[in-house]
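What follows is a set of notes on a single structure, which appears directly below.
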Amino acid sequence: LLGQVRKDQHIEICRDQDVEASDRFTGFQRVQFIPEALPELSFDDLNTEQSFLGTCFDYPILITGMTGGVDKGTEINRRLALAAEAYNIPMGVGSQRVALDNPEYAPIFDVKKYAPNLFVIGNLGFAQLKQDNYLDLCRRAVDMVSADALAIHVNVLQEAIQMEGDRDFTDILKRLETVCQSLSTPIVIKEVGSGISSNTAQKLLETGIAAIDVGGRGGTSWGYIEGLRSSSSETMELAETFRNWGIPTAYSLVGVRALAPQLPLIATGGVRNGLTVAKAIALGADLVGIGLPLLRAALQGEQETRDTLATIVRGLKVAMIATGSRSLRDLEQHICLS
Amino acid sequence: LLGQVRKDQHIEICRDQDVEASDRFTGFQRVQFIPEALPELSFDDLNTEQSFLGTCFDYPILITGMTGGVDKGTEINRRLALAAEAYNIPMGVGSQRVALDNPEYAPIFDVKKYAPNLFVIGNLGFAQLKQDNYLDLCRRAVDMVSADALAIHVNVLQEAIQMEGDRDFTDILKRLETVCQSLSTPIVIKEVGSGISSNTAQKLLETGIAAIDVGGRGGTSWGYIEGLRSSSSETMELAETFRNWGIPTAYSLVGVRALAPQLPLIATGGVRNGLTVAKAIALGADLVGIGLPLLRAALQGEQETRDTLATIVRGLKVAMIATGSRSLRDLEQHICLS
Amino acid sequence: LLGQVRKDQHIEICRDQDVEASDRFTGFQRVQFIPEALPELSFDDLNTEQSFLGTCFDYPILITGMTGGVDKGTEINRRLALAAEAYNIPMGVGSQRVALDNPEYAPIFDVKKYAPNLFVIGNLGFAQLKQDNYLDLCRRAVDMVSADALAIHVNVLQEAIQMEGDRDFTDILKRLETVCQSLSTPIVIKEVGSGISSNTAQKLLETGIAAIDVGGRGGTSWGYIEGLRSSSSETMELAETFRNWGIPTAYSLVGVRALAPQLPLIATGGVRNGLTVAKAIALGADLVGIGLPLLRAALQGEQETRDTLATIVRGLKVAMIATGSRSLRDLEQHICLS
Amino acid sequence: LLGQVRKDQHIEICRDQDVEASDRFTGFQRVQFIPEALPELSFDDLNTEQSFLGTCFDYPILITGMTGGVDKGTEINRRLALAAEAYNIPMGVGSQRVALDNPEYAPIFDVKKYAPNLFVIGNLGFAQLKQDNYLDLCRRAVDMVSADALAIHVNVLQEAIQMEGDRDFTDILKRLETVCQSLSTPIVIKEVGSGISSNTAQKLLETGIAAIDVGGRGGTSWGYIEGLRSSSSETMELAETFRNWGIPTAYSLVGVRALAPQLPLIATGGVRNGLTVAKAIALGADLVGIGLPLLRAALQGEQETRDTLATIVRGLKVAMIATGSRSLRDLEQHICLS
């Protein structure tokens, strides 16, 4: 259960410490909106709806998958699920591996019991693809949460920095292809802070994945968190060295979008408010994933979780009305890059 | 009278707190003057006169329209009016809406009683255009202060951030056109911190307005003030997000001037001294509006208001003499952009 | 004697307070030397000699003209003169106006009594050119110190900011031309912190002056000093506004040099060490003027003055040897601009 | 023995004080890696081997030559040597001059007694080339440590700043050529913080040297250390002036590599972790030299020295795996410059 101890530590570190890229640079800082002083719109005209993998959501926002640990996981997931349902947006769960190994933990992840209509994205790591029974694991993960999609996260940097981390990253692409062919559930590939390069995206496109979460640099830095929770001064130093590693979220998004004009894309990593959601949409994201701020809110309470989402949604609407954008699609007409 | 309570709060917040764009970036920072070491001019040769809407002023400076609230408004307006008259410059009053609803407040705005020769710009918000009797409201606003021009301010960002703000921004352009056609008083469209884009300017030109105040970003941030006065943590966060929203004043000025070479233009937003007044003139402004520093001076006293203007005027003259600019028009020969 | 009181204040302010451009930006920051790891030179090979107005000096350094006031002026000038003579470099005296009005002060300026072989540059302000007897004043200034050249300083910004400052800057160029024609002593035009623009340089070239001191921005800020010594809050604010006014010394130097490839040029303003002396030479200066650091040293003592010069001279030599520059002329082969 | 006193001071200053370029700018800050989220590699696949002067090392890292002084030198060298042997990387010793003058100090440098298979680079300064018996000195230095290569360091800036430093840098190139022809041991030319310009590199290529250590700016600043250890305020000021002198390590590396595509190159100066080692390799270095961090570790203990290397090696491997680089050569495919 080492993995689990580790996850529980993560929650506290993420709540209390500065776990983000030290400069917070996501690339979105270089995107500005040009306001429209006379938008000729009313708030009621704003259309924030977005389709993703065949489902229509009220907002282009994803509560990204986060492990809440075994102690607090159930309650965190409940709070996030209720908020997601209230806003009719999709939600990812954290890595289900612990519950594959220990089925008694499965209920932690089963958020549809609170929110039956929620669009839920299951979650496994690439490490599970390396098991012999990987197809079975994927199917069990989907079933465990009645997943509408399954995210497979890749986090090479984090694993590489960890003493006890995975050391073998071979053979993933082929198995990914098999998973995509064998499961009817759409598969999402999900970076968690290093971003997806155009090069990587090209290889992923050939596997038949349904969507990419570019998971870029600028927000929560998992390489750095490994240092914060480590008692080894070597690991701490290594983590410090790689704290700001990765492609900034906005750059990764733009690069992958250029390559795959039609592919459903999620932009996660350092998004902290509705204005940045609007920027990510303007740059081509279908959904915008938000992690840390919602985790922190969920640790405080149900209402706090909802309030945090409310503020983000209001920010998105303010950006839309103040640029005269009736729909999400209009936003890209109003950006300028610096 | 909620609106009024709000305005009174504004005054105190503006006096005591940091209410400007956090980086003060107006774009004027990128404009430098090239000095002339041997100007071959005397101070007496300097011509700082400027015509605007057919009237000639001693300086190209506008005391921009600011609501002083019902408590302090009368005295603030008196002090500003006396200073404006002393320097023979125009003055705008703050939003007259409260006095349209409550005629007993009309005297607050009637600054010609202290300064009969003052050029006064009346003030309404775009929200008043949405009333059925909008033409009547405009006429009454003009009459209330014997206005020489009427400014209609647009502040979508501020309204959008406010809980109790307007939510409907439709149908303004058409009514604006009607106002321009129906009133003999010239109409000024006035942003209050987000700046006017070229796109917006193009639409405005078709309505028949007499002048634009580009009201750009870098000075008083009304979006941010909404957060400072709010007790809702959501609104506070939203306001923080949008604190630096908008087109920097200098950029907005240059963009609109390029589009409308002859249109009378006012540049307001973050102008804090005579050197910046000179830069705005060099970039094509006819008048340069100043708010916050004059409000703060007016809250201190009659003499302080006059002294603040005196320093600005001296700064303008120093910039002129030190660049060898005999007239305001000469200033643009001496700038360089970085 | 108001002027004199003012000058004595200046000394104390310059000694104790931060009187330079707030960012110290002289433009030399953008000039880097490319080192030569194997210079194939010995220190003894270094030739730091420089000719200026027909005289050959051991170093291309000028102790720029600074008024020391009537109290301390005599001693300051003696210390500077002894140091200049020890290093065989030229020295300027501060404005001699006070001694033209009050001949009993003439001995303050007469530095040849301590250093008979010193090359001395006399000093008057453009204001003296506005007197009817300006030619006579110039001749008396030259005679007073047996000047080898006469500097006429222009300081429009400083005068303009001062309450009691000159207000009339007309008719200087014509009289300057007459001075150049009438005196056999070479005339140097000297800015004191705003820099000389190419435009101004063009006009100066037509007057027949013998040399220009570009006196650019980045070092001692006379506009700002006016604020520090003023009790008027208006003047203080004005001075703050114009603290960083002017063309950075390096930019002014490059601009004027491009226009006048052969004209003797002095670069003064913010030069603080021998490395910057080397940069100024590489950009085309004949002499490099240094003020504030030498004034502060001179206020401490004779030895301190000499030590300060010694450090600057060593710095120049280190820059030469470390770039493999045998002579001053070689330096320009080794710069790169960023 | 003045030189020796000086070296012992150096150690303490280097341990306790901030002796690096104030901005740490090495140029490597402008190099970023583009991650590969799915590297299809395992840690075991990584090949970090590098050949240099005919020998193959496990990592492309050099413990650069550092004098440890006579007191602590023996122990420092022992600790460094054991760590170097453990990782199968080469090691340079500090300047052997003291032991040429005083043969009783030779054992300090003889690190092969602890680590018989170590690749050892002997060390002399260019100053020794100026002795009449320079060939003999070089041979004795090689013999003293059974050197596999001999580094001749050039440090014009440091010498020039020192009061007691060398003042004559002539005739080095010719003697260097003679040394290269006369000794069978390969000769490495080594800057210590100013970097090698393309110009200098061109001259060096003609002497027949076997390798260059570009020794650029950004790390330990020897000019500055001269100031820290000096009691002369002049030298202190001079050192402050030249603290950031030199070509940033990455720039020097790229420049020399462009000129000499095949020449063995070492990049030293400001490298502090394995990520920067990877960047230097990607820019064309064969070996990457590290000084200060290893000196500080060696002053703490044997284990600390090994741990410091371990962290650097892990950092290099993390950079390789996270960019999908199987071998060092692959790294350059994954950089982007900003």
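We just call them A, B, C and D in the order they show up, numbering each chain from 1.
Everything below uses one rule, namely that a contact is a pair of C-beta atoms (placed from the backbone, for glycine too) under 8 Å apart; a residue touches a chain by one contact, two chains touch by 3 or more.
Here the structure is a predicted model, which means the values were calculated and not measured.
Chemist: For chain B versus chain C, what separation do you get between their C-alpha means, in angstrom?
Modeler: Roughly 44 Å separates the two chain centres.
Chemist: Measuring centre to centre with CA averages, how many angstrom lie between chain A and chain C?
Modeler: About 62 Å, centre to centre.
Chemist: Find every residue in chain A that makes contact with two or more other chains and list them.
Modeler: none
Chemist: Can the chain contact pattern be summarised as a line, a ring, a star, a complete graph, or none of these (other)?
Modeler: Per interface graph, the chains form a ring.
Chemist: Let me make sure I understand the interfaces: which chain pairs count as touching?
Modeler: According to the stated criterion, the contacting chain pairs are A-B, A-D, B-C, C-D.
Chemist: Mind pulling up the chain C residues that touch chain B in the complex?
Modeler: Contacts found on chain C: 126, 154, 156-157, 160-161, 167-173, 189, 191, 194-197, 199-200, 203-204, 233-234, 237-238, 241-242, 245-247.
Chemist: Which of the residues in chain B end up touching chain C in this complex?
Modeler: Within the complex, chain B contacts chain C at residues 33-45, 273-275, 307, 310-311, 314-315, 317-318, 321-322.
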